[in-house]
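Have a look at this one.
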Amino acid sequence: MEFVFTEEQQMMAEMAQGFLADRCTTADLRKLTDSGDTFDADRWAGLVDLGLLGALVPESAGGLGLGRADVIQIATACGAALLPEPLVDVMGVVLPALNDLGQDALVADVLKGAAHVALVHPDAQLVQDAPRGTHILVMTPEAVTLAGAEEVTLTAQPSIDPARALSSVSMDGGAIIAQDAEAFAQVARSGAAGALFAAAQLLGIAQKAIDISVAFACERQQFGKPIGSYQAIKHHLASAQVAVEFARPVLHAAAAPAATAARIAHAKIACGRAADLATRSAVQVHGGMGYTQETDVHLYLKRALALRRIWGSETDHRNRYAARLETSAFGPDTLFAKEA
Amino acid sequence: MDLTYSEQEIAFRAEVRAWMAEHVPEEPLPSFDASREGFDAHRAWEAVLNEGRWGMVTWPEEFGGRGLDLIRWLIFEEEYYAARAPLRVNQNGIFLLGPTLMEFGTEAQKARFLPKMATGEEIWAQAWSEPQAGSDLAAVRAKAVRDGDDYVLSGHKIWSSRAVYADWAFGLFRTDPESERHRGLSLILFDLNSPGVVRQPIHQINGEHGFAELILEDVRVPAENIVGAEGQGWKICMATAGFERGLMLRSPARYQVAAGALARLAHSRGDALDPVLRARVADAAMNAEAYALSIYATASRLEAGGKIGAEASTNKIFWSEMDIALHETALDILGDRAELLPDAPGAQDAGTWLDGYLFALAGPIYAGTNEIQRNIIAERMLGLPRG
Amino acid sequence: MEFVFTEEQQMMAEMAQGFLADRCTTADLRKLTDSGDTFDADRWAGLVDLGLLGALVPESAGGLGLGRADVIQIATACGAALLPEPLVDVMGVVLPALNDLGQDALVADVLKGAAHVALVHPDAQLVQDAPRGTHILVMTPEAVTLAGAEEVTLTAQPSIDPARALSSVSMDGGAIIAQDAEAFAQVARSGAAGALFAAAQLLGIAQKAIDISVAFACERQQFGKPIGSYQAIKHHLASAQVAVEFARPVLHAAAAPAATAARIAHAKIACGRAADLATRSAVQVHGGMGYTQETDVHLYLKRALALRRIWGSETDHRNRYAARLETSAFGPDTLFAKEA
Amino acid sequence: MDLTYSEQEIAFRAEVRAWMAEHVPEEPLPSFDASREGFDAHRAWEAVLNEGRWGMVTWPEEFGGRGLDLIRWLIFEEEYYAARAPLRVNQNGIFLLGPTLMEFGTEAQKARFLPKMATGEEIWAQAWSEPQAGSDLAAVRAKAVRDGDDYVLSGHKIWSSRAVYADWAFGLFRTDPESERHRGLSLILFDLNSPGVVRQPIHQINGEHGFAELILEDVRVPAENIVGAEGQGWKICMATAGFERGLMLRSPARYQVAAGALARLAHSRGDALDPVLRARVADAAMNAEAYALSIYATASRLEAGGKIGAEASTNKIFWSEMDIALHETALDILGDRAELLPDAPGAQDAGTWLDGYLFALAGPIYAGTNEIQRNIIAERMLGLPRG
């Protein structure tokens, strides 16, 4: 039992954080979305070069052969940086699924940046960045279908988050690459991965929303002293930090190889609530400025609003957790129990 | 204690309902905070309302009102919201400045400003806060210097609601340069089209620009535009703020209509609705009713000669928190559609709920943050010592 | 439409408040319960003399012929005073029920203090002060039974609230005085009355808990100033006061003759939550002293704990309210709608 | 990152479980805070535990421990709570004073006090707070005056946990009469049976008397009973408080066992369970797991050489709020049975939940109120300016 990241895991995370600090500031994000775009090809090429897309793909298939615990902090960093490109979904969900389904050539193309696969999943029906996709992967519990871009019709579905270019997809063709039990299992596997990595991003957003609020509260004066010296402001932010502190270990445990679906559900709920509390506290701490587009608060708020409600709502995840609670024993010795 | 409407009240409700059915535009008007076109459409609606003498039913007849009591005002508002009539672009005027002028203004000011306020010919912005002031209004630094028959205004105002498109503004200015905090402030009315006024729209979280920053450089205003005497601004402004947080800023019907819509949204999910969300929908409806009942009780008390006090602060906290919870419940029912903009093909009614949610987030902040309101309740209502 | 109490209603309330201020302080209460008792015969005689027991009984039957709105503030005052004797239930529930059921002689006996009737109801199965009862009235949706004290077996069920002498009752005899539809209707009527008047007491407790906390917070010094000058303490109490302010008008509207069952359910929920928030804030504001029996806080906390869960739980009342919401229109013009 | 137990850890768990199965009393012991009899029964249990060398598994072997790591301590606690073994009457000693003595005590103090602490022969009370101090420990006024080889203690202590029946106490005293606030305080150990010590039980909300007031009048204590140097009391006390709020005050297993019992209580209602309560039960279980995971992570970090900092305050807030919510959910499931005392015939298991609820209410207050904890988080963890 060692509930700390290894040095290698920590180094991976710092490498990604460094890249994002350089290449994905909120100023960069504003410039991108102000120009009407949501995808920076140079930044994506940088991510491709780092090999991050294939982190969870076996080395034999051209990836890094890592596990979820190795990259969970990278997903958190992407959330904190509000990365607009779909690294987290591609790395965490799409490529593992294509690899599971034996799509080796397509995996190789994606890894070198030559192909882009957008995913439609029962828990994430609107797809991000689909117009740029060379392929669309559509999962239902009955079948997994892979279609070329020319075989689908996309309808833009603009989001309040200007960096999320969403579309709905209707299929005009494509090839079924898995069915029945295999499709059903893949939907569950991909759904769990999607929820886990959405949770990771939410945690990153939560901490970042607190951090920028602390900085603001130290600067901003009201009634003759920094607003951060008022107990009400302190307690807002302290409560948000408490939520983060008790979501983080759940998230990290949910990234373990043996994590149950219930644990991942818990992580999604806890990180979602932390992000909600933190971003709304950030609005309140920023006062009027928090209600404008002049500070960055709204960017975190909107991303959190979206991520909380895709890859399973709180209702969905609560039901999953409760179902396990009602059918299995619960006690100290079940804390690290493996999937039944 | 009699919680039944009189025959006259019932007749009045019917009259409002009939008029609204005939006059409320079928299509919702575009937002008055997003474009000049939307603003003008709402201004036109104010004129229509005024023709029906519905501008502000509690105002005296001479200023375009009907001289009715607060209970009838509530009934009017109920029918107004139930008819989904346009939001009031004129609310700074009719709810805030209007009552202030009636109480503190000269006869000339009333004659000059109130009728055009009632018709919507002149739409008002407020100009209270300043960049380094926030909820601390006593920190106002913008000044008004007397120069012959004029005041010369200079300074920097922020969070001026409606100021992007409005015609006139009322604001707090320091007339005594030696003064500190809330002493030496005066309430002055100024034409937003005067030379020296620069309006900078503030882009809100929801993309609209309901607020502006105002940069004032040597703006000349006739001295007769001061309301009350020099140095009385704080006192007058507090009276206005009490009104704002109290009865009129958010009329209860708004939330009852929203809660009714939420109940229908929930109902449309049938048995698939999460029972926890069902409970939150019931909470939203209960809160909307509690707020309405509280306002009825306050209105009755005022009609019986009572005064509105620190409970205005309890209202502000209650409606602002209720508004967020109500809209958040809608977003949770909508699930992954919640993030879609109103014009997304898949949004259906989701966009309206999203808009309402984002708008609601401002509630605990403006007109004095809820932190300030809790201080007020603790100190003035409960008698706890000042920090 | 006049949502203010009349002068007469106000005078009634002040009369009761005056009586309670004189005769039912917490010092009186402690003396009573320290002696192992829960009933002060002198105080009861005083209440009998005031005629309050029969407030809701028609004048023709020896009562005052008043309505619920006339006495709702009296019930609130009883809550605030933690009155241990069962005035509220006798005045609000038992005597109106006996009157409904035509038990004129028994009504007359109760009014003059010669009889005492304890009530068992589906929403209040444990009865207060039953050993002193000359009669037990047992309501079920099928039948209403009136038994003499000798026809029942009582089992003491001690409560955490030392002033609530509870018993469970098993019937060894008695006479059925209403059946079927009449019994069913009486259960509903008495249940609504019980919930309304429990709500009133909860509101009184809530305000009182805030008031004693304010007094304490003005006195008690910490870190060199009164604790009431700290924002965290202010905001605890301000939030509790907000809850009270928006429970009170609901309660008063629920006392109107045409109030719906949903409105009474709302009042019970709102007053219960206000009492819960206020008493728990009171514990927190009083710090360690709030956790002892040396201050009065625990008395309010325990009474609120009990009253919140009898005469219908929050679950029960929420379901009632939600059911109406789902089957009737909801909007501004339904605010004062009459019972369907 | 490896979230699986090693074979040795699994074997250790099995060893604890087997021992507990054999030794834990079948009937729960009477509370140690309600009677001398209950206190003595718990003291006897401590002796049994010590015979099995389970008193405090992280302590060095020389003091009766096993020198094990914190992960094994957690496993021990899990099995201890799962076996429903008696609460530790000795917790002031083994969790607070023991670690403090090991860090700051002299060899003589360790030899004198630790072994009897481990066996339960000497049970410890703490004597920190004072009537006018509350959470403001720096306001301590009780004094210790040096007189030859003794200190002479006088003053008034309150909230001394276990002090009604305990043998010894450790407390903060002002050794420098000229000093103010946290300067000039010292940590001194004293025998509660010394002449001049008067113990007054405090009647808690739940009827027990887990705390006492201590009136100290010229209580003579050998000077060697000071821990650390004169004036170091505050620093040492803060280290102790960090420990208290941190890892050991509430071990996670306590809440996991309680949440498991809550889940069974809920399950016993079957389909009649309100789905809103079902959601709150799930929340309780999630919180218990989150707390446990967080403590495992902290324990791993400490084993890897890390330090415990302000996150001790986040723990305090989290467990105390979770504990109340968990028990309140149980009371809401129990409905009208919730108010019944454990010995009421109709109470069944309700009385235990009621006891637990009342006990939980103290959580946000003692060991530094949650208001103080939030200040600490804001100032020390987030870096916000002091009030």
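We call the chains A, B, C and D, going by the order they appear; numbering starts again at 1 in every chain.
Criterion: a contact is a pair of C-beta atoms (placed from the backbone, for glycine too) under 8 Å apart; a residue touches a chain by one contact, two chains touch by 3 or more.
Since the model is a prediction, treat every value here as computed from it, not as a measurement.
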Chain-contact steps, minimal, separating subunit C from subunit A: 1
Which of A-D and C-D has more C-beta contact pairs: A-D
Centre-to-centre distance between subunit B and subunit A (centres being mean Cα positions), rounded to whole Å: 39
Distance between chain centroids, defined by C-alpha means - subunit B, subunit D (Å): 52
Where subunit C touches two or more other chains, by residue: 230-233, 235, 318
Junction residues of subunit D - those touching two or more other chains: 274, 276, 279, 371, 374
Touching residues on subunit A, where the partner in the complex is subunit B: 124-126, 155-161, 164, 166, 168, 220-223, 230, 232-233, 280, 283-284, 287-288, 290-294, 297-298, 301-302, 305-306, 309-310, 313-315, 318
Interface residues, subunit B side, partner subunit A - complex: 129, 132-136, 139, 158-159, 202-205, 207, 211, 274, 276-277, 331-332, 334-336, 338-341, 343-347, 354, 358, 361-362, 364-366, 369-371, 374
Residues on subunit A engaged by subunit C in the complex (per definition of touch): 230-232, 235
Contacting residues of subunit B [partner subunit D, same complex]: 274-276, 279
Touching residues on subunit C, where the partner in the complex is subunit B: 1-6, 9, 69, 210, 214, 217-218, 225-226, 228-231, 233-235, 237-239, 241-242, 245-250, 252-253, 255-256, 258, 263, 266, 269-270, 318, 321-322, 325-326, 329-333, 335-336
